[in-house]
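Have a look at the structure below before the remarks.
Residue numbering begins at 1 within each chain, and the chains themselves are lettered A, B, C, D, E and F in the order written.
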Amino acid sequence: MPYVNIKVTDEQVTTAQKRQLIEGVTQLLVDILNKNAQTTHVVIDEVPMGNWGHNGKQYKGTKS
Amino acid sequence: MPYVNIKVTDEQVTTAQKRQLIEGVTQLLVDILNKNAQTTHVVIDEVPMGNWGHNGKQYKGTKS
Amino acid sequence: MPYVNIKVTDEQVTTAQKRQLIEGVTQLLVDILNKNAQTTHVVIDEVPMGNWGHNGKQYKGTKS
Amino acid sequence: MPYVNIKVTDEQVTTAQKRQLIEGVTQLLVDILNKNAQTTHVVIDEVPMGNWGHNGKQYKGTKS
Amino acid sequence: MPYVNIKVTDEQVTTAQKRQLIEGVTQLLVDILNKNAQTTHVVIDEVPMGNWGHNGKQYKGTKS
Amino acid sequence: MPYVNIKVTDEQVTTAQKRQLIEGVTQLLVDILNKNAQTTHVVIDEVPMGNWGHNGKQYKGTKS
């Protein structure tokens, strides 16, 4: 532990962006909670736009 | 908030069905808990049949 | 299946409201996706206000 | 209930392996907690290697 | 990885039962998928009976 | 969206630490993925030590 799950819409997130997210979130847990990076896991889920509802509507390509 | 995650098996759920689910669940949260639709998120995950076990067995195309 | 997880802030949701949510969400899955209520599960998680961040800030008792 | 979610990296887990996992986890819940297999659900999520971070780094094909 | 989340209703699961579940699930992942126990995490969530709906109804102390 | 769920063991995380985590994770999503903070949600779950298994064993107060 810790375990972090990040859900974003599937909009061509690059490998480099994923790496930056993983590095950044892990570092926050080390810095703020003094956690061990070696037991920290981060999982990114990319959700198709049509499967994500906000304000009662599906996302339609609009950035948010 | 609120945040709702719906997991169903992946059986060709249509865009219209997803829209109805998102609208319906959001409206329930507005009606029952007086939540704000603008901060309500609904995420639908479609899980391959072989990845879902029920009663110790994988689903095999049988509707449930 | 299906499995639905609803996360809301912990603000004295009543047993009756939970029952209405469970009934409503289950009925949506029966009506829209033709699912079987007997295999439908709904889990409600009540999250302490200080553990939920929106717009980079913790909720502070403000309804949302 | 119960509901179990297993997340592993996406490395060609076979249908037979998934079946074994589902059988095994369900049996544990029956044996240890006296649960009813008929209301027990197990969902397996296969996560792309590049979406899983451990020790601040993305998995790169290395088994773990 | 892997990461496993087990949700059961909150019915006085003992520390020993939790230990057995954690040992058993971890061993399954080692045996079936050849995973490394040192990177395997299992999290058990105990959900209040009134927050779990099955067949459109809240659990009411009935074992399931 | 995005939606982020952080699971840590329940070891007296302070309100200030939670605020820092929420601010930090939200800022990463703004900076790296150009997301809108106003639609970004972060939920922190604190898991009792005995409910978290690592390497087939329950945590026993040892920091990790």
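Convention: a residue touches a chain if its C-beta (ideal position, glycine included) is under 8 Å from a C-beta of that chain, and two chains touch if they have at least 3 such contacts.
Labels paired with UniProt names: A, B, C, D, E, F = Tautomerase.
As the structure is a computational prediction, the values presented were derived from the model and not from experiment.
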| item | value |
| --- | --- |
| Chain E against chain C, contact positions shared by both copies (same if over half, else different) | different |
| Recurring contact interface, reference B-C, options A-B, A-E or A-F [over half identical by residue number] | A-F |
| Inter-centroid spacing, chain E versus chain D (mean Cα positions, whole Å) | 12 |
| Distance from chain D to chain C - Cα centre to Cα centre, in angstrom | 24 |
| Chain centre separation (chain B, chain E; CA means) in Å | 22 |
| Chain A: positions in contact with at least two other chains | 1, 3, 7, 21, 25, 39, 41, 43, 47, 52, 54 |
| Pairs of chains, among all present, that meet the touch criterion | A-B, A-D, A-E, A-F, B-C, B-D, B-F, C-D, C-E, C-F, D-E, E-F |
| Sites on chain A touched by chain F in the complex | 1-9, 13, 17, 20-21, 24-25, 28-29, 32-36, 39, 47, 52, 54, 59, 63-64 |
| Touching residues on chain A, where the partner in the complex is chain D | 15, 18-19, 21-23, 25-27, 37-38, 40-46 |
| For the chain A and chain E complex, residues of the former touching the latter | 1, 3, 39, 41, 43 |
| Chain C - residues contacting chain F, complex | 7, 47, 50-58 |
